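Next up: some structures, all given as structure tokens.
Same chain, two partners: chain A is paired with chain B first, then with chain C.
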Partner chain A sequence: MEKTKKKSKVRRYLPFYLMALPGLVYLFINNYMPMGGLILAFKNYSARKGIWGSNWAGLKNFKFLFATQDAWTITRNTLCYNIAFIILGTILSVTIAILLSEVKAKAAKFYQSFILLPHLISWVIISYLVFAFLSAESGFINNTILAALGKEGINWYSEAKYWPVIIVLVYLWQSTGYTSIVYYASVVGFDKGYYEAAELEGAGPWQKIRYITLPLLRPVIITMVMLSVGRIFYSDFGLFYQIPMNSGTIYSTTNVIDTYVYRGLLQQGNIGMSAAAGLYQSVVGFIIVLIANGIVRKIDKDSAFI
Partner chain B sequence: MKKKALAMLMAICTMAAGMSVNVSAETGDTDKLVVALRITGTTPADVSEVQDKMNEILRDKIGAEVELLIIPSGSYKQQMTLMLSGDEKLDVMGCNSGIYTTALASEALKPLDDLLAEYGQGIVDAEGEAQLEQGQVDGVQYGIPVMCDTAVGYGTFGMRTDILEKYNIDVSDVHSYDDMTEVFKIVHENEPDMTVIAPTTVGYSPMQYCVEWDKLGDYFGVLEDHGQTTTVTNLFESDAYRNYLDVMHNWYESGYFSKDVTTATEAGSSLMKGGNLFCYFNANKPGIKTQEENSCGLDLTFVQVLDTFTQTSNNWQWTIPENCEYPEKAMQFINELYTDPDIINLLCYGIDGEHYVENEDGTITYPEGVDATTVGYNMAPNVWAVGNEFLAKVWDTNDPDVWEQTQEWNKSGIVSKAYGFFYDNINVTTEMAAVQSVYDEYRMSLECGVLDPETALPEMNEKMYAAGLQNIIDEKQAQLDKWLESKGE
Partner chain C sequence: MYSKKTKGFLAFANIFLALDVICCIVPLVLLVISSFTDNTTLIRNGYQFIPEKFSLDAYAYLLKSGKLIMKAYGMSFVVTGLGVAVSLTVTTMLAYAISRPGIPGKKILTFFVFFTMLFNGGLVPTYMMYTGVFHIKNTIWALLIPNLLVRAYYVMLMRSYFQTSIPEEILEAASIDGASEFQTFYKVSIPMAKPIIATVALFSMILYWNDWQNGLYYLTTRTDLFTIQNLLNRMIQEIQFLSSNIAVGQTADVASLPSTAVRMAIAVIGILPIAITYPFIQNNFAKGITLGAVKG
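Right, the complex of A and B next:
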């Protein structure tokens, strides 16, 4: 009796497991298999001896991260940028989603495609679009805007202080269209009955947003934020590598863990140190996810993941 | 019905996949060597044609084929480092001292002594034991230095002749940075929209060609005064380096460099070809004029303001990475690069009659109706890196005896006291990584003159010392002392 029940359960869920299979295989190959390579963080890698045969190095590979200010700089940059992205990105995409839901369906389609467009452009192309604005020699800002104001041109690619703003702006421009789709899809799915009832009670548009749309959106927002928090220690490599055009003087505000690891591997060819930085990123990232999840569970138990 | 169609489709896909595997297996019956080749400028259009011609010869001679992996100089180092750290197939790799040192640190290069003895007799005969020693570390051969100009004419500027003539500028009396400044001043005043000067290689500062010290492999701890001392000191506190920075800063402030110099994505020769650049940095040697004119397509005038100088670990070398599948064949191929003029000329100039034609005096030139901008293959700027440069044909803008001149040239100039010394950074990799990371932050902006050395240089030095620069200098000094001692015996 018990057995047949189990069997039927397996049979019932089998299609779902099959559907999940490609994703699981992908995760296994892409995310779990390379984990063995983390062992390199503790080794003096030798191509001749191979990964397993290389000599142990203890914690030596981690030393370089903390030998300079680098560890602090890249951790700070990664975290602060991501926090800014999450806060500003969420506010902006929710706003856009609500605005879209207020305009006529046909116009909404147009706006939606229009703001989605940047998301489909490669970072390399975007970096040149940005360069067209910021180039010291022929850029739009220096030659047209600042010149018209009678101000002297700024060498954008060697002034670190402007980059937090530039990076955030470019990020929002590129990503908001995409993230707002999720919110828009939820908003248009809300039961029209609530709004009609509210209108009968004499609620204005602002009140409808404040007391109906936003509370209904809350679970979606929490889920989306949680997903972003899970990746708070990772950064969009293209954004941080391509947009600043690898200019050294602005590393202090543009270098994040991913670009640091990449540069370390490329310029020094030191796999051990790159693996060490990667491991550091994963471990700290993991801890932050657990903390964030704990906080969410306190606020809203149903939205937490674990 | 739908299901059947789907099954059919899948079957077809599987078959197609299977077939493509078979096809590649069939062509693979001759060993294929992947050869990494660095080029200045853009990848030539007819590479595969030239490669086929080379393979016709190589199949008979060594029973292998080559696949040329052509990579622009700006991204070459990155590409090689990535290929070496991954599992990618790479059989023969040309490398400069930077790539060489990194590759050695992760033991990514095969020791070549046995291979050289068995398959590389032609190399030994052509190059001689003494020069081969340049590719040894602690007596083990890891690299085969190419035969080319070893002395480098630093501080050389290639300028557009038409502009010089237009403004009646006489450069025969130019012997210093200050004299260059005067030339630039005239050009800048008359051609305000033209960029006056640009670095040569993407991602490198002009400092690569403004050297007055032996960098001893990397720049952290050098021998000042053209290596005429044996005390390792910090380059970034030397007068020569400071003077270089002051000159660059002055040129940048005067508007001679493009304001976008640090983010440039095009090589000097490409900018020149594009038509809006007056001058770029270079290293002098016999035949430099032809080499550079072929890549930028304009008539150039060269002047040299620093001394000609030979420093250690500055060779371009052929190496065989650990990933190599057929080391014997790879060594045989390198051997061809030192002995077979047909292979060498194909690699340098392409196909006779199509990419070049021979003159009566034995020199070569473009076929009729073809020039630098339209030719399908010409690697004249890279002839020096091919192996035995002296077996290559001579381009007709050169003196027919340019190779004899080069042999003479190598004997001229100052030779560093550390010539032959190889510095191994294995004991200080942590400090290296940290100091390099500081250097990367300042390198381009400082050495292209964007930052004011007065404030930026002390800042960089302070950070470098904090990152362990002194340890590197001490380690270098210890290794150098040991080497000098072993030489004295």
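Right, the complex of A and C next:
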């Protein structure tokens, strides 16, 4: 009796397990198996011996990594860029979202379709766009703008000091449309009653934004910001690899953890150090995600990850 | 009807948004115009919005002697088509399975999917595994499999759609009528989940079409497998390589590289499929963004 019950249960649910299987196998291979490979950070990797056969190196890779100037540079760059992205990105996209909600619906749709466009273009092609502006020999800025002002051209791809501005501008260009749509969707959903009541009291548009829209938007903003804070130890590889065109002279302001790991692995063959930097990112990144999520949970339970 | 204050504010809003729109499209305009610029003009005057001399040479070159380029273009379509088809099938099945109530181990399976969004091994072990264990380096699998096929985020998005938008009673009714679980899935659930499937298909399409990282990591010798993005990536690497070598006084083989106008034309055709479909997909795209934001 027990046995047949169990058997029928298995038969009943078997189709679901079969449906789930390919996806689970993929995630196991693509996401879980590499986690085991993180021990590479503690090994003296030799291609002949493989990941498991290579000799243990203890903390040597980490000692080397943190003894270099690079470790500090990539940590500082990753964090500072992300902080700038979060602050400026939030201000700009909230502004756009609110303005979109104020203009006529048809106009909003028209604007929206254009500001979303940059998000659909690959980083490779964006690097071509940026190159058209910044190329030392034929770029639009050197050849047309600076020439018209009677100024000499700048060698953009070899001067590190300009890149914090360039990277932030390119980031805002590519991502603001996307995030502003998220905020716009919330603003459109707000109860019209509040606004009608405020109008009867004689409130102007600025007052409505100040006293109705922004307070209502506050939890959404906090949630979105905390989700970005959770990713603060990661950066978009395309933005930091393609846009500066992998130019070595500007690494001091363009190198982030993700590009450092890539170059260590595939350009310099420094696998130990690259693996150590990767583990550093995975572990610290994980801790930050958990903390950020804990904060979101306190503010708005529905938006929390876990 | 509007007060003076409101009118002024509306004007401000429209001007601000119009400026934003201009900022968004100006770089794209420069790209398109450059591809239609005569190449010697381009070299002499640089990239310009109103060039001295227009020319269709770049596109004529692509059609006539751009065999390699057209092949890469074809690869982009093949990889995107295959990738989206497989990705969508696997993702939908997994999401559906973990959305149904009462399945033993459902919580563990859901967490198994979800945890991949919080923690990952990163590039080094992933690269070592795909090249050392699965030997996908310089094969077409490299463009289809790593990191793109199943994304936990989309699985969770679909799962919550199945849970909230398809009443359990309908599925039960189907199974009482004698339908097998696969039939219910195929004939009842999928048609009802069309909106979310379309959204995930769209995101997956953009992901595959725009991907260049897998080619960068895994295609080192098989340039015949390059997609248009890989080709553009390789060309810009060569420009960088050439200009840094010229700087140290070496001669470079500039002739092997397509002219600037041709490179711009390749970038334009790289955006073209997205630009053409964009008017039809933009509603779904905007909806998809907000969907993800409501519940991550």
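We take it that the second predicted complex is superposed on the first by the 252 of 306 C-alpha atoms of A that agree within 3 Å, B and C clash if a C-alpha of one lies under 4 Å from a C-alpha of the other, contacts with A are read in each partner's own complex, and residues count from 1 in each chain.
What we mean here is this: contacts are C-beta pairs under 8 Å (C-beta built on N, C-alpha and C of every residue); 3 or more make two chains touch, one makes a residue touch a chain.
Just so you know, these numbers come straight off a predicted model, no measurement behind them.
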>> Output check: A:271 vs chain B and chain C. Expected answer is one of first, second, both, neither. What do you get?
In response: both
> Does the superposition put A:213 against chain B (first), chain C (second), both, or neither?
Replying inline: neither
> Of the partners chain B and chain C, which touch A:175 in the superposed model: first, second, both, neither?
Replying inline: neither
> A:75 contacts which: chain B (first), chain C (second), both, neither?
Replying inline: neither
> Of the two partner chains, chain B (first) and chain C (second), which one does A:238 touch, if any: first, second, both, or neither?
Replying inline: second
> Is A:286 touching the first partner chain B, the second partner chain C, both, or neither of them?
Replying inline: second
>> As a test of reading the superposition: which chain, chain B or chain C, is in touch with more residues of chain A?
In response: C
> Touch check for A:49: first (chain B), second (chain C), both, or neither?
Replying inline: first
> So, A:227: does it touch chain B (first), chain C (second), both, or neither?
Replying inline: second
>> Applying the document's definition of touch, where does A:247 land relative to chain B and chain C: first, second, both, or neither?
In response: both
> Do chain B and chain C touch any of the same residues on chain A, and if so, which?
Replying inline: 131, 135-138, 157, 245-248, 265-266, 271
>> Per the contact definition, I'd like the list of chain C residues that touch chain A in the complex.
In response: 3, 5-6, 9-10, 13-14, 16-18, 20-21, 23-25, 27-28, 30-31, 34, 42-43, 45-49, 90-91, 93-94, 96-98, 100, 103-104, 109, 112-114, 116-129, 132-134, 145-147, 149-150, 152, 155, 180-182, 185, 206, 209-213, 217, 229, 232-233, 236-237, 239-240, 243-244, 260, 263-264, 267, 270-271, 274, 278-279, 282, 285-286, 289-290, 293-296
> Can you list the chain A residues touching chain C in their complex?
Replying inline: 9, 13, 15-17, 19-20, 22-24, 26-27, 29-38, 40, 50-51, 95-96, 99-100, 102-103, 107, 111-118, 120-125, 127-133, 135-140, 142-144, 157, 173, 177-178, 181-182, 185, 204-206, 224, 227, 237-238, 242, 245-248, 258, 261-262, 265-266, 271, 274-275, 278-279, 281-282, 285-286, 289-290, 302-303, 305-306
> Across the complex, what residues on chain B touch chain A?
Replying inline: 77-78, 81-82, 84-85, 99, 102-103, 105-108, 110, 203, 258-260, 262-263, 265, 321-323, 429-434, 436-438, 440-445, 450-451, 463, 466-468
> Where on chain A does chain B make contact in their complex?
Replying inline: 45-49, 60, 63-64, 67-68, 70, 131, 135-138, 153, 155, 157-158, 245-249, 251-252, 263-271, 273
